[in-house]
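Next up: the structures, one after another.
Two complexes follow with subunit A in common, the first pairing it with subunit B and the second with subunit C.
Then we have the complex of A and B:
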């Protein structure tokens, strides 16, 4: 089970992910609503894993991913975006993302992906 | 023609018999005693370990055949490649995304697509995949980077056991356009025409994600009665259907289409 930071600009999606991850026995150590806050929270909390939305204000998810990886190359980040933005995958993987989930998502699949990334 | 054991539905019950599968036709022995050329087949459906074959110009004869996977795979391959259907050579990737997670070993497969009455079939050396039209939740003509080139593809979102799956089809643009138009027309019943208020949209998203009623009530701070009223709206608009008790629902293909479209502009 992991200590997870959830990054998404909508409270609804953060709450949904929080519920799914909590039901899988994970510990939600923090939340952030944009990329800049994500970087600050990452450095403060040092979570085992980050779920990162791609489209966000201030600093988007890809920029935040790059910044987190620059600060901690071992960081485990799963990117999370909407259907139709799958082209972001290559960019995210190039930037160091370990996994990718596409909204709308289903709880068992999210937990499976988180488990895979945490155990890798 | 080699005979293999199968069961066929005859006068409302399953009867053990044998069937022969040849290059251009199949034969079902007594009690049906029928020979059916593949080119007379107009529809093919599959359900677990059975296939439902509709043949005849007006689809007047339906054969339900149950057998082991190996036998059905051979039969399906002959039917898909020879039946009376719109067929095209294409590359496909199915599934590419499942339940919101990218399928790690997904790859483009060279094969054919047959568009039948109730579904479209992908067939390659390795695979036979059926997408029933009533399980399609979204179609998009889009582009995708393949071998460092941006190529036109049709993206099909569909349900498999109530899980949203995304598949891609790659072929020349003019053919893609025909396929896209056909799918658009065939699935227009699930297009969202009603106005869905934000709360109902949020509940739909939570239902899809696998949250039960009490989790939804807690997350959205709703009373039991308020959630019941939202369920009524979902049921009334055809976005959801009753699952096993009055208070639990699951999304219909139309409902999944709605939430898939709604995440493009996030539900706040």
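Then we have the complex of A and C:
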């Protein structure tokens, strides 16, 4: 089970995801509400995994992903995305994202992806 | 864990923030500065709303937000201009979203009824343009020429047959992730179908990957059995299908995608140093309950102090004074927590001004200052409607049409200023327009016509008295009732509401120059300074803000005028009340308390003045009903229940 950092600009989504991940036995070590905060929290907490929202104010998820990957090439980042954002997710995958989950979140799928990315 | 109700609250709260953000940025789009930021913000908020509503299963709202997002995605890429008709459509959408949020907040779920036609309109907008412009991703996949494969070195070859779960929402991305993960274990020599097709989602059923890897079967098996993937077959060895295109090396693919410049990454990295999550949200009802508890603590501290005084135990006094200090700190802290910036209600007003101005064919520039000024939450609720009314009034009755303005030498665009500031213990809110103003002579005439003023009184009435008429029930200077500000609510209701918040409202007006309303409000209603008095042996508290002075009088100074009494105090005649119907027949007493409200004065007879103290005012319970003359009760230290006089209803 992993130490996870949740990045999303809404507390609603963070809470939703936190509860799903918590029910899967994961440890939520931190939350961030935008890309810049995500990078700072990542460097401070060194989580096993990051769930990263794509659309966020200030620094978006892709930029934050790149910044995190630049700081730690081994970082495991899962993108939180929505139908219609395929191009963005592909860009994210090319930039080093290890997985993706699609809103609205289905708890089993989220947990499966997190487990797989953590064990890879 | 979080329950359904908790999610709903959080959902509504954050959705409202995003909704507000959309509305304000739509308006910003119209004024024209920094279009790109506004467009980005709207897109982001619509997207966020879509995601949240989908998560809650509010499909109607999701569809609506989705359609808005689509339209904004076109605008963002420059394939659609924003014009007034689109802004109107989008604003109607935001209204619908607001209605949906109201429905959700009260426990319901929005239906498609409200939004279906809007979704259609939005889609029509999007499609109309979509045909004209090239759509991304519609470009035919680049052709790849098969490359001859170098003779394999001695690394083992594997052929994997993998299927993507049909329920996968993005099978193209899933395939891409798989290939990318496999690439970390070795070199992909080919795929069937071609990698481009896989990554564009142009495949049905299983596909094959030929990979050269030293990682071993198990590692490959793990990767190929990932999320939404099932490994159908894995066999050692394999041959290259000669005719099939071969994957270009991953590096060249990467070069095609736009990378952020190194400066961008650096900037991002430096942008903000570690920021803790410093804010949490607390349900306002919980705050109310905490406030009640703090108030009880304050009351009981007072009781303890009385008991301590009786017994005079030094140690006990010391401990009590420590407790007392903590309670005071706690009380101040709680009051601080309940404060909210006025922005909360100011933010809605630009939209109102726009709508009313459009409706009336007027041009109005609204400037808002001091939105950061804080007010207790309980005040905020009550203040919203009066402010809305005054702002509507300003546009509707105050500011003239551009033609009239030009004719009188004013710029065609009217100005409406809303300012808030803290002034000592009060919050002052001003609403000022540079419109037509109100003619005092017309007020004088109308006051007599409506029977609100006797003709002789009107002839001598001061400017203040004349504008005071505006707040009388049934007085309206507008010749016709408009459907915007004349919805049966007059300034008299505004004044009543403000007074129920323990505030005052004043108006100044000058013909041709404009009108200015000034609202003065206490930042909080719960704790006030009162003067404690005895009237006919009963205790009563009077808010200090209403007390002018305490005076001694002689019976000769009291004059009878008809049924009422008046007193001559330092050359001023003041009406005098004995409050007998409230407290019973008073003892003979020469002590007077002079009260004032909004510039008007009167005095009441009291037995004794006991002193001044800070008290918590509790509203009367609904069982007691609305008691005229009493704004609430307070429980000072001794546990007695003392009424608080409502001076506003007396004068």
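Assume the second predicted complex is superposed on the first by the 120 of 120 C-alpha atoms of A that agree within 3 Å, B and C clash if a C-alpha of one lies under 4 Å from a C-alpha of the other, contacts with A are read in each partner's own complex, and residues count from 1 in each chain.
One rule holds for everything that comes next: a residue touches a chain if its C-beta (ideal position, glycine included) is under 8 Å from a C-beta of that chain, and two chains touch if they have at least 3 such contacts.
Here the structure is a predicted model, which means the values were calculated and not measured.
Asker: Would you mind checking whether subunit B and subunit C clash or fit side by side on subunit A after the superposition?
Answerer: On the shared subunit A, the partners clash.
Asker: After lining up the shared chain so the two structures overlap, which partner does A:33 touch, if you call subunit B first and subunit C second: first, second, both or neither?
Answerer: second
Asker: Of the two partner chains, subunit B (first) and subunit C (second), which one does A:107 touch, if any: first, second, both, or neither?
Answerer: Touch partner of A:107: subunit B, not subunit C.
Asker: Could you figure out whether subunit B or subunit C reaches more residues of subunit A?
Answerer: C
Asker: Mind working out whether A:1 is in touch with subunit B, subunit C, both or neither, as first, second, both or neither?
Answerer: Neither partner.
Asker: Is A:94 in contact with subunit B, with subunit C, with both, or with neither (first, second, both, neither)?
Answerer: The second partner, subunit C, only.
Asker: For A:70, using the defined touch cut-off, is the partner it touches subunit B, subunit C, both, or neither? Pick first, second, both or neither.
Answerer: second
Asker: According to the stated criteria, A:16 is in contact with first (subunit B), second (subunit C), both, or neither; which is it?
Answerer: After superposition on chain A, A:16 lies in contact with both partners, subunit B and subunit C.
Asker: On the A-aligned overlay, A:82 touches which partner chain: subunit B = first, subunit C = second, or both, or neither?
Answerer: Both partners, subunit B and subunit C.
Asker: Subunit B: which of 95-103, 131-139 or 239-247 bumps into subunit C?
Answerer: 95-103
Asker: Please identify the positions on subunit A that touch both subunit B and subunit C, taking each partner from its own complex.
Answerer: Shared contact residues on subunit A: 9-13, 15-16, 19, 82-84, 86-87, 89-90, 99-100, 102-105, 109, 112-113.
Asker: Write out the stretch or stretches of subunit C touching subunit A in their complex.
Answerer: Those residues of subunit C that touch subunit A are 1-2, 6-7, 10-11, 14-15, 18, 41, 43-44, 47-48, 50-52, 54-55, 57, 66, 69, 136-137, 169-170, 172-173, 176-177, 180-181, 199, 201, 222-223, 226-228, 253-254, 257, 259-260, 264-265, 268-269, 271-275, 277, 281.
Asker: What residues of subunit A sit close enough to touch subunit C in their complex?
Answerer: The touching residues are 9-13, 15-16, 19, 22-23, 30-33, 35-37, 39-41, 43-44, 55-59, 63-64, 66-67, 70-71, 81-84, 86-87, 89-91, 93-95, 97-100, 102-105, 109, 112-113, 116, 119-120.
Asker: Spell out the part of subunit A that touches subunit B in their complex, as residue ranges.
Answerer: Residues of subunit A touching subunit B: 9-13, 15-16, 19-20, 82-84, 86-87, 89-90, 99-110, 112-113.
Asker: Okay, in this complex, where on subunit B does subunit A touch?
Answerer: 96-102, 138, 140, 142, 144-145, 155, 157, 163-164, 166, 202, 205-206, 208-211, 215, 219, 256, 259-260, 263-264, 266-268
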